[in-house]
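Shared between the two complexes below is subunit A, which has subunit B as its partner in the first and subunit C in the second.
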Partner chain A sequence: MWEMDYKLIKKELSIYDKFVFNGNIKFHKYKNVWLAVSIETANWIVLKSLFQKRILILFINGKNIDFVLKKISNEKEHSEFIELLSIICSRNFGYINKIKHTKNIKKEKKISCCLTTSCNLRCKHCYMSAGNELKNELKFEEWKNILDQFKEENGTHVTFTGGEPLMKTFFLDLVKYAYDLGFHVAILSNGTLLDEYKISFLSRYIDKIQISIDGFDARSNYITRGNMDFDKIVNAVISFSNKGVITYVATTFTFENLNNKTSIEYEKLVNYINSKCNNKVIFRLTKKMLKGRYINYSEKENEKYNNKILKIENKINPNSFYINFIRDHNKNVVTDNCGFGGVEILSNGNIYFCNRFSDLECYGNIRKNKLKYFIEKGEEINKKTSCDNIEPCKKCDFKYICGGGCRIDDFNFNGKLKNFKKEILQTTCNSKIKNKLKESMIKSFEYYYKF
Partner chain B sequence: MSIIINFKKTKKMKTKIIKLEWKEKTDINKISVGIWLKEGYCGSY
Partner chain C sequence: MKTKKLKINWEEIKLDKIDNEIISMYCFGHCHVNNVGNGL
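On to the complex of A and B.
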């Protein structure tokens, strides 16, 4: 009998079928299994025996199923053979008698608009130290003009953030304007300025919202955010979710509100919110504290912090890492960069290629150049820092599965790429990281699929 | 794994169709750990 949380997949193959593999297949023995990695399509499967590896090589060499069947001499081999066919089909590792294009990168074209650095809160950890607005922030007409330009560049996704974007009086109108242009709209908000009217209005025009709740109850949230609107924010989360908006709660704990009870209390919050929602809300926990207004954790402190956060994740779902890993790696979709090069517009019009603004050099201002100029510049930088062009990633079989890591934290140019002349190096990769990646690939595969 | 065709039967009767079955997880995860500066995950491993 099948367990309730699995779905059954059925497929039929003809014995005359052949598989077509679009990427170069490389094998990596790890502990007691073989990882078969399709490099160019960022796909992988896990083989449990040398026999399965040999059969896969026959398929790679163009032999059809019938040819391989004739090589099988006993029930055990037959069983492993059928399992291998299922494994290949489950991940679309090979296609039947047809060729798909090889480098399938996500097609979304995004910009992120930081509408203001103004915020009604003064969160201790805020990496933007948001509070007061910048001099000469872009006006409504200027933002509309930017969106018009983005439409001309075939843009697809717009994120509005801040500061707190609801501090801008034109915010609701701008969201509708973006929607009317056909963009998928996402917003990031602290939730404190929302009311029923604004929630109903925004729900019509946005795909996604991420609301920050930095604790498990009013007091815990107050410690970090200095605000007592906890219940109001929780209700806003529930309202958005029930109005069909994909809703995320982003939580950044600090050592001040992390204690022995945090896992249990946070789980209660997760369960409470989801019990009130028809669509599940996804909770996003920050795993690494960036330098913020009053907080600057050392590397060692961040390691300790990360371990505490993983305990919370583990309490809520021990298998969460593996589910996320396999779902974040869509079949045959390549990740060749962390997203560095994406256009981020700061409220004064300054352009950055990641929104860790304080870690980056500004590349110009939208009032001086067209958006098209910055999109092209960003694409150039994205390509320059892609796994294809950086050491040691470009020679790594796992490059499109890994993506290379954060371009600010893990590279020798620390995100400041303007006029950077040196060869770009990934500085943190080592055998420990590679083995962790292999473990994730194997365990997530074994958790997700049952053959 | 469920084997639909019988090994001997395959050999003798020359079955031309192989039926496969496997299972995939369906549960939607409620929690995710990462760096969330954007509306999606920032960084890849």
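On to the complex of A and C.
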């Protein structure tokens, strides 16, 4: 079982202090607690009693601590009051006497470059059915030109992916070129074409790498990927991590290599890799299978699949869902979209606004228009599909915490906006999903903080 | 004038430990709302 370490935070307040709150605050009763949600700042706290709610309302109405203290009549109320002060301060839900910042949206500007659809593997679930390269793939000079343009647009992050990006002979040089321009570089690879030289070279120029391991051992990985380089790939993960690169292992199981032993065996793999690494390795499990080369799960099958994957997560850490949830919701950071509108460049120069190329429409080609044109188009689409502009999300108190879900799977335009004339609607939200969200907010809060 | 002070404290998980966690993936790790939102 994974034990978490907690740190103690101490703070001193003056009785003449007042709290200032950034957003409109709404209360939602859920089971035996109150959720106080600051809509515009995507922040929330969990109150244990009606008394705490009443006190918070006094603070919202501008009363200072001294005023509230005089209303307290017994010890129980006093301890609930002190707890409330800690709760407010812990998540910067309210600031002392003045507002520190307003609406805060992540400022990273990213592009993703699919360098080739060529791949040395033929994984059964590959959502791109990667294998052979496309006709007329972009050349080294063209990619360099794209990165130059991205620099002019104040870009910050570049992801190189494929297919398998290492199939391109210019790959290492392109990574260095991106680094020299000052970008944060991330790469996604199957790991099979890496050797010590390439690992050492890349480690100098990349921030992050994600390597796919689709099983818990060589045989189980072979079932999905048809490749026996398991040990080599595991060693590549360890090498990158120990060279200071933030390293992710992405694992997509299929029904063929999921069995009763999977969670125990996968835990062994996680523990083995972590025992060999001085730095952190992050394991990502696919929870929903997209249509792939030979795999196309029905909704019902995907539900079953999801449950099996959750069992693996649960075995390794029963609280992982809640830890992820609160980590993905930084204090006062707004999520108003799933990321739809981000520029994805396919190897032939075609532009998409999400990496699920086969589910989307192409918005043009980088050989015909400047990158600036597509960045602006993407921003326009991102805004158009933002929670602020769609029904029923725009009226929801939780919109910036939820983000609205996937613009392909959860919306009536299914990721295709070009000839879409109707009003954009989120179609999958219901009370069950909202309650799940509330529960995640409460449980993650209660797990993360101790008052 | 001496101001009356109130001392408060709480505990929270050390962030540096969190990254050791296993995390969930949606949309192959590209998705900006990794593991959040609905439908997951």
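Note that in this section the second predicted complex is superposed on the first by the 445 of 451 C-alpha atoms of A that agree within 3 Å, B and C clash if a C-alpha of one lies under 4 Å from a C-alpha of the other, contacts with A are read in each partner's own complex, and residues count from 1 in each chain.
Criterion: a contact is a pair of C-beta atoms (placed from the backbone, for glycine too) under 8 Å apart; a residue touches a chain by one contact, two chains touch by 3 or more.
Predicted model only: the values in this text are computed from it and were never measured.
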Partner chain(s) touched by A:Asn355 [first = subunit B, second = subunit C, both, neither]: both
Which superposed partner A:Ile82 touches (first subunit B, second subunit C, both, neither): both
First, second, both or neither for A:Gln149, with subunit B first and subunit C second: neither
Subunit B versus subunit C as contact partner of A:Asn365, first or second or both or neither: neither
Intersection of the subunit A residues that touch subunit B with those that touch subunit C: 2, 5-16, 65, 82, 85-87, 89-90, 112, 127, 159, 188, 210, 248, 250, 270, 274, 280-288, 290, 309, 313, 316-317, 320-321, 323-324, 327-328, 335, 338-339, 342, 354-356, 402-406, 409, 433, 436-437, 447-451
Of all residues in subunit A, those that touch subunit C in their complex: 2, 4-16, 65-66, 82, 85-87, 89-90, 112, 127, 159, 188, 210, 248, 250, 270, 274, 280-288, 290, 309, 313, 316-317, 320-321, 323-325, 327-329, 335, 337-339, 342, 354-356, 401-406, 409-410, 428-429, 433-434, 436-437, 447-451
Touch list for subunit B against partner subunit A, complex: 1, 3, 5, 7, 10, 15-45
Of all residues in subunit C, those that touch subunit A in their complex: 3-14, 17-40
List of subunit A residues in touch with subunit B within their complex: 2-3, 5-16, 65, 69, 72, 75, 78-79, 82-83, 85-87, 89-90, 112, 127, 159, 186, 188, 208, 210, 248, 250, 270, 274, 280-288, 290, 309-310, 312-313, 316-317, 320-321, 323-324, 327-328, 335, 338-339, 342, 354-356, 402-406, 409, 433, 436-437, 447-451
